[in-house]
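Okay, so subunit A shows up in both of these, paired with subunit B first and subunit C after.
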Partner chain A sequence: GPRPAGGGAYWVDSQQKRYVPVKGDHVIGIVTVKAGDVFRLDVGGSEPASLSYLAFEGATKRNRPNVQVGDLVYGQFVVANKDMEPEMVCIDSSGKSSGMGVIGQDGFLFKVSLGLIRKLLAPKCEIIQELSQLYPFEMVLGMNGRIWVKAKTVQQTLIIVNILEACEYMTAEQRKQALAKLSGN
Partner chain B sequence: ALSPGDTSVLAGLYGPAEAKVSKELPDRAALEVLLRPKVGLPGVMERSREQLLRQTCEAVVLGALHPRTAITLVLQVLSDAGSLLSCCLNAACMALLDAGLPLATLFCGVTCALQPDGTILLDPSARQEQEARAILTFAIASSERKVLMANTKGSCSVEEMQQCLAAAQRAANTIFQFYRDSVRRCYSK
Partner chain C sequence: FMQRGLDSQTKKQLEEEEKKIISEEHWYLDVPDLKEKESCIIEERSFLRCEDLVYGRMSFKGFNPEIEKLMIQMNSKCKEEEIEEDDKMEADVSDEEMARRYETLVGTIGKKFLRKRDQRVLKDDDEDEDDEEGSSNTRPSKRAKKMFLKPQD
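Right, the complex of A and B next:
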């Protein structure tokens, strides 16, 4: 392929539907099995990830975290390579949760392509700034293509979900038009 | 769905997903191809075509990046008006492309029919296939137009096979251009 004259490197970003776990990635997982000391989470990869019950802030053998099957968990991978089962934790290296852990009640989880997530996570993302001027809302972005959104009412939540899903194919102009129509209502 | 003329095949690709313990390979992905005919149950022809497709796909998919996983390719024949195997090859490659699986090279399928008088016909119809002396199907890779798979039905001389191969390699350019245009259209909405 083409090489820059300075001998630097090109990062080729390709559009993929399937998520492949990478160490350090923050993802949203769904708890499928509670097996003794370990939870199994579906992260959208080829196999479920494991999460120890001690990997939460302030968790001890006596003080177990309140996690049920079907809960949404936001965590990061500590082990993720092609040969081993991926492992997640909900604390960072200093033992603080820094936003990770079980995601609260209500809200809406949906799936988008990996490319859109990377676009949304870019600093000063226009889409998020424009949406926040529409309604106040909470959002969790998982690198595995999953987004959790919660706004004040169910209707507002669904409107935000639809806009985010459509952002995949809308140009900036079309998006501004759609948002202007909604805020005019 | 891919259709030269009236032959049409629908391809669906699933994976890399969790594999059954009996089927998983420790160092690479296990690729499975299922070919379903338009009518009736899959027979011996479908099984042999599945193996041809599987071996071609295994040669291009970088399976070592996803050990102990299963990649399943399901092909449903919607209509068959000749050149079915090359249509399946093209559908398989587009499915691999669309799913974003890591590939070493792209590939395409081209069918040549060798008529009794020695002329070469590309992508023959069902009628032309029946009248031909030999039918040759090639899977051509996109890097340097190398041959990934060659399947022959009937008899032909070595020179004739070389001529058919050269014609197929030239025709492959058109197909790879079609892949490019399709992908471009898909992502530039």
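Right, the complex of A and C next:
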């Protein structure tokens, strides 16, 4: 339902699975095509986004970033409207990468609904706080519904993935029970 | 030519008749025009603007220390909390090394640019310190360089 925010804005909540590119959103994209100077990334929208090889920190015409087809890239949209193909970059306005760029090897990418992403990105999210107590791991959340997780072992990674996926429909109680079982192991 | 005029006249008459018929059929409101209110609704595609969202890349329990630093940086930008850790970036060279380097480096480079008189003064000072070898080594090599080498026949 509609909720108030700090700035006096109200918005309508709705469950949505399909992502629509929006300027400024940080998303995880998969490189599908490497076409000369530009990469095409699948971001889960209606069309692939383009990413120039110069849009990385420290990239020049001679110093090209090491991006291959099939790589995962975390970046933000600079152009995203219904009339044009969306464009992404992996640097922010000051030219620094600040965490964006190619996401490393290993790890696991999976898809969740946009509503869950919003929950996870809320400040002081309980799910995140509880998970962070479990094992050391790292995670990248894309606003396009994609999450990438990497932990020390495959088993730990999959456990975290399963919990996140299940958070869609689990209540807080069920989640705490599940986590208690796991940390007991 | 009269025919053409007649034609245009008949056309006009026909048009007028048509208009009358049509205008009678048109419905119109007797209500006075409503003032258009400025719409306070802005359509926004993403909830990025609505909520104070945390940065999307995160790491826990020291899995990826760079990202953990980034998390603190990014989240403090949003919340403007005081950063408890030092703001200093980890230096490649420690402070002690820096001090040692400076001691020796600045001295030797400084000597290079001194005039001859000052160099002699320095040399006297150096002989008192431990830098004897250094300065005495440089002396002969400089002299060697300055001296003209006769080409061998």
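Just so we're on the same page, the second predicted complex is superposed on the first by the 176 of 185 C-alpha atoms of A that agree within 3 Å, B and C clash if a C-alpha of one lies under 4 Å from a C-alpha of the other, contacts with A are read in each partner's own complex, and residues count from 1 in each chain.
Basically, a contact is a pair of C-beta atoms (placed from the backbone, for glycine too) under 8 Å apart; a residue touches a chain by one contact, two chains touch by 3 or more.
Note that this is a predicted model, so its numbers are computed, not measured.
Looking at the superposed arrangement, the partner reaching more residues of subunit A, out of subunit B and subunit C, is C.
In the superposition on chain A, A:Ser46 makes contact with subunit B only, while subunit C stays out of contact range. When the two complexes are overlaid on their common chain A, residue A:Gln155 makes contact with neither subunit B nor subunit C.
By the touch criterion stated above, A:Asp83 is placed in contact with subunit B alone, subunit C being left untouched. Touch criterion met: A:Tyr169 reaches subunit B, while subunit C stays clear of it. Contact with neither subunit B nor subunit C is seen for A:Asn63 once the two complexes are overlaid on the shared chain. In the superposed model, A:Pro136 lies in contact with subunit C only, and not with subunit B. With both structures placed on the common chain, the touch criterion links A:His26 to subunit C but leaves subunit B unconnected.
Within subunit A, the residues touched by subunit B in the first complex and by subunit C in the second are 20.
Across the complex, subunit A is touched by residues 15-18, 64-69, 99-100, 187, 189 of subunit B. Chain contact summary for the complex, subunit A toward subunit C: residues 5-6, 9, 11, 20, 22, 24-26, 74, 98-99, 118, 121-123, 125, 128, 131-132, 135-143, 150-152. For subunit A in complex with subunit B, the touching residues are 14-18, 20, 46-48, 82-83, 169. Across the complex, subunit A is touched by residues 44-64, 67, 70, 74, 78-79 of subunit C.
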